[in-house]
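Chain naming follows the written order as A, B, C, D, E and F, and within any one chain the residues start at number 1.
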Amino acid sequence: MKRLKTGTEGLDELLTGGIPERRNVLISGTCGTGKTILAAQFLRQGVQDNEPGLMISFEQDEEKLIEDLLTIGVDVPALQKTGKFRLIGGPIGTVRRVQTRTKAKKDDILKEIERVVNELEAKRVVLDSINLFLMLFESEAEKREALAELVSLLAKQGCTTMLSCEIEEGSKKISHYGFEEFVADGVIVLYRIAFENMFERAIAVIKMRGIEHSKAIRAAKITKEGLKVYPDQEPYHK
Amino acid sequence: MKRLKTGTEGLDELLTGGIPERRNVLISGTCGTGKTILAAQFLRQGVQDNEPGLMISFEQDEEKLIEDLLTIGVDVPALQKTGKFRLIGGPIGTVRRVQTRTKAKKDDILKEIERVVNELEAKRVVLDSINLFLMLFESEAEKREALAELVSLLAKQGCTTMLSCEIEEGSKKISHYGFEEFVADGVIVLYRIAFENMFERAIAVIKMRGIEHSKAIRAAKITKEGLKVYPDQEPYHK
Amino acid sequence: MKRLKTGTEGLDELLTGGIPERRNVLISGTCGTGKTILAAQFLRQGVQDNEPGLMISFEQDEEKLIEDLLTIGVDVPALQKTGKFRLIGGPIGTVRRVQTRTKAKKDDILKEIERVVNELEAKRVVLDSINLFLMLFESEAEKREALAELVSLLAKQGCTTMLSCEIEEGSKKISHYGFEEFVADGVIVLYRIAFENMFERAIAVIKMRGIEHSKAIRAAKITKEGLKVYPDQEPYHK
Amino acid sequence: MKRLKTGTEGLDELLTGGIPERRNVLISGTCGTGKTILAAQFLRQGVQDNEPGLMISFEQDEEKLIEDLLTIGVDVPALQKTGKFRLIGGPIGTVRRVQTRTKAKKDDILKEIERVVNELEAKRVVLDSINLFLMLFESEAEKREALAELVSLLAKQGCTTMLSCEIEEGSKKISHYGFEEFVADGVIVLYRIAFENMFERAIAVIKMRGIEHSKAIRAAKITKEGLKVYPDQEPYHK
Amino acid sequence: MKRLKTGTEGLDELLTGGIPERRNVLISGTCGTGKTILAAQFLRQGVQDNEPGLMISFEQDEEKLIEDLLTIGVDVPALQKTGKFRLIGGPIGTVRRVQTRTKAKKDDILKEIERVVNELEAKRVVLDSINLFLMLFESEAEKREALAELVSLLAKQGCTTMLSCEIEEGSKKISHYGFEEFVADGVIVLYRIAFENMFERAIAVIKMRGIEHSKAIRAAKITKEGLKVYPDQEPYHK
Amino acid sequence: MKRLKTGTEGLDELLTGGIPERRNVLISGTCGTGKTILAAQFLRQGVQDNEPGLMISFEQDEEKLIEDLLTIGVDVPALQKTGKFRLIGGPIGTVRRVQTRTKAKKDDILKEIERVVNELEAKRVVLDSINLFLMLFESEAEKREALAELVSLLAKQGCTTMLSCEIEEGSKKISHYGFEEFVADGVIVLYRIAFENMFERAIAVIKMRGIEHSKAIRAAKITKEGLKVYPDQEPYHK
């Protein structure tokens, strides 16, 4: 099984070599734990490795996203100029209103994603965030279906996918609706742990179908150079 | 009471010899604990023991399932060639839409399963996952009925059954809806336990009607050779 | 107040002599703790003591129930041959559908139970499980009413009753809906307690109107000879 | 403020002399903690003290209630013969159905209670249980209103009242709906506490408007002589 | 900012001099912690300080309220005779039914309160309890609005206000609906804390806009002389 | 990335220099932790730094707000006289009723805010509180959309924004609805921590996109001089 480098220092080591090709991985964490950074570094690595990448964002403000990524060392305009990176999406509100009219939400969105993936010959895809995507559908069954079809479609197109997933502070779950981890091929969790009046960052690979991976919870840091994982370091000692 | 070997090293020891014939067992666990692996190893053992096996999967992507199982040493195409293994199902979405029209969900699904079991002369059946199956029905009473009829039907056909059951991370339950364990003849729980910054795997037989079984929580591992149970080893020491 | 022997070794000691006559007892516990075994042993004891017993089961599969009870030493066909034991009921689904048409659920069921009790001259009754019985009614008030009328009817017929009650794993309650224990005359709870990587069995009499009883939580075991209580033994030591 | 003896040995000491006249007290506890016993002993004391007492019970089976009370030393028929004790009520189901027709539930019930109180010249009233009474009303506001009117009516008639209140096992509340304790003048809680594999009984006066009372949690016992409180004894020592 | 003496011994010390004028304070606590006592002592102090006070009570039984307050040393009839104290309100049921007809609940109640405040030239107001007042409105938004308008109206009339707030036993909240503390200018919490088989009373000023206040949790007592705070004493020592 | 001084002593140090320009920050905390104070000090600093500030308040009572701020040293009328500070808004009830009629809530509010921001040439905006703003919208999706559009609009106008967020006492969340922290660029949490019978104040920067920040939980105080942060001091020692 071919592996894709994650572009996050130290993480490939926990994954014994990277993300398996054509698989999708849930990147779960509470706010400010670095989910989008990890995902963006994944696409930047793709540009380096000649694996074109698509970022599907439902955030309101594209400009701000680009500015933020620059501060941790991911230069989106530079990536775009290579022709191997594209950013699509737009506010959830726009998507929601359009779709409510056409009554064909899921199929429309999936077709549009498929079209861009083909055009770009994308090998890597990031969906930021899966919470906003799933908010477009009503029942749990519809949400589960939409997610399953999306990841299946991307696998068929040969893409390896990261899905960022927002976890409410104080929750013990590793996804918002509680089923996303079962649909995903892999789950990486980013933690913020309060220990002796400090918030420590940590990361763990919870699940990664098809490969062996570390079972450790390891220290992580976010600096100007982005998110970095310390595969030999515990996040704290009691 | 005849026993069927589980095909998972070390597990038969916890079960004092295997799963009782014609019974059904819930395989419960959070994501990435090896439920599907355990179930697939059960069917592979069946091929070796001349007990044909049927895998009913509601997952979106059959290809990926086959690929995953190969990485832990279960070669589905090879099993299929023996004529003693069959994989049926398809995405939950397909089933749901068809059934909504016909208004005869449960009976249709059960008849189709019965037909294939007879054709294959199946002795072993895996339902992966029971969560997706039960999502097809509305009220708790309907879900409970559907599950009871399914396991009864399979018992009448002489099948021994494993039902994989997804547990939400952080939950203390051993099933999704809270009643599945009462309908099942047996319950095996797969655990992921955070201990000193490591995730340890463990397994326990919670219930197995008709036989005596170990009451211990024991260590487990997932490697390239699949899931293995260590019947004499505790998952961690405090 | 006359007492009935429970037929479970060690339990009569906790009850200072057995269950008071004409009373009903809730047998509560999570899955696999031995509720049905305890109830069946109660009816077997009745056959020995010339107190005919009726088992009302809403389980799907009568055959499997009979087979299971045999493995812990309760021979249902042999009991039936004595003419002092009867097993009635059938799947909850059947009952539910019939009753929905007639619009007289509760009265129909109670009349049928009364008829069989009279025919058999039953002195002991087991309802397995009360969860399935209560699922036939809508609101909490209707459920409570139905349960109160059932146990009152049985008391008037001179019957002593056991009602098995399924508790969801991880719950701190001693009944499913939270009111059953107030309608019942007695409550016996069966426990599965995780202690040092082992699941220990335990039992306690929580309530038994009309008699003095032990207030201890005591060790229990399920073997080929059935459920046995150790009235002088704690389930574990810290 | 005149006090009424509770009739429960040791309890008057915690209350520095008994229940204040014309007040109402919530007797809260999980199943089997002795709520009905405490209430019945209160009425028996009334007979001795020439304060006629009325027991309003919504339980299904009056006969069984009488039998139970006899086993802990409260002889209801003997009390009835004195002409200073009356038992009214009947199953909640009966009340509920009648009332649904007349559309005047609350007023009807209150008038009937007032009539009997006057006839008997009752000085003490027991409502067993308040849960069943409140189940007759829909919204929280209606329930609260009904309870407030009931206790106000009884106070105006010069009655001192005990209201038994069922608490679900495992709950941290001291009433079922969470507002009853605010309507009541006093709250006495009966506990069952698991300590070193034994269930210990305990009692505490949580609130008693108009008087000073003990703030201690004290040991209690239920024997053939009924419920007894040990005002100088802690329920357990760590 | 002018301060009003609370009339509760020791409390002014925690407040560095009393309640700021024209502000409102939530007095929160579970049942029997002395909320009404604290509020009544506040109005009695007002009579002494020539600041007329209005008590708005939605309780069923005015007579009983007066009797209770007398037992802790607050003589309502004597206060009324001074012409500087008034008690209005009446059962919530009455208010609710009238208002449902007129469809102008909030405005009617507020106008009536304004009228009495003006007539009495009230400087202090007590609302006992805010739970019953808010029960008159449907949605959270309506409740929040009603509360905000009420406290604003009273501030404009120059009144300083106490709002008693019932907290359900076992809850970690400091108000019933969870928003009252944000609308209030101040929050004082009364505690009952179980410690070594005794219930200890305690008090803390959680918030008081406009002034500095103690951040300590301090011991309190209720005796025949009413509620007393011990500003230098911890409620218990571990 | 340009930074704006927060105006709260010690906080800029935790932020390594202040809030990034054109970003929005959630100021979360339970009642009385100083959210409004922190936000007001932010606007006062703006007046000093020639960055005009707009405070949007949905509170009922503007006068009281002004009075409160004065007590902690923020003189609103003085700020208003500089022409670089404006306070708009009004009670939530007013807004809610108007908007329900016009059916164009969000757009109307956003346009009005945009107009004032332009008029004032505001560089800093405070929304106090976001809870009241979001209460104007129905579903989670609508709330999320409204918040995303608001912060996007303000960023486009060149404003740096603080959004105060009320957290219910006892909750482990850092926002009311659980999604606000994901829409915000930054999150600062204000704590009240009970430790040895004292409430200690603390603060932590949970997230701040675009910059590096302290990961420490640090001591804070509210005095007549307002809110002050102690960047080198832990809130308590065990």
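Just so it is clear, a contact is a pair of C-beta atoms (placed from the backbone, for glycine too) under 8 Å apart; a residue touches a chain by one contact, two chains touch by 3 or more.
Owing to the predicted nature of the structure, the values given are computational and were not obtained by experimental measurement.
Colleague: Listed by label, which chains are in contact with subunit C and with subunit D?
Modeller: Touching subunit C and subunit D alike: no chains returned.
Colleague: To lay subunit A over its twin subunit C by CA atoms, how big a turn is needed, in degrees to the nearest 5?
Modeller: 120
Colleague: Taking all residue numbers at the subunit B to subunit C contact, is the shared part over half or under half, that is, same or different?
Modeller: different
Colleague: Just curious, how far off is subunit E from subunit B if you go by their C-alpha centres, in Å?
Modeller: Distance between chain centres: 59 Å.
Colleague: Starting from the mean Cα coordinates of subunit D and subunit E, work out the distance between those two points in Å.
Modeller: Their C-alpha centroids are separated by 30 Å.
Colleague: Go ahead and note the Å separation of the Cα centroids belonging to subunit C and subunit E.
Modeller: 51
Colleague: Hey, what residues on subunit A touch two or more of the other chains?
Modeller: If we look for residues of subunit A contacting two or more partner chains, we find none.
Colleague: Classify the chain contact graph as line, ring, star, complete or other.
Modeller: Graph shape here is a ring: one loop, exactly two partners per chain.
Colleague: Report the order of chains around the ring; begin at subunit D and proceed in the direction of subunit E.
Modeller: In ring order, starting at subunit D and going to subunit E first, we get D, E, F, A, B, C.
Colleague: Quick one: in the complex, what on subunit C touches subunit D?
Modeller: 1, 22-23, 140-141, 144-145, 148-149, 151-152, 155, 171-175, 178-179, 181-185, 187, 204, 206-212, 215-218, 234-235
Colleague: Where on subunit E is subunit D touching in the complex?
Modeller: 30-32, 59-61, 63-64, 67-68, 71, 91-93, 96, 129, 131-132, 135, 166, 168-170, 192, 194, 197-201, 222-224
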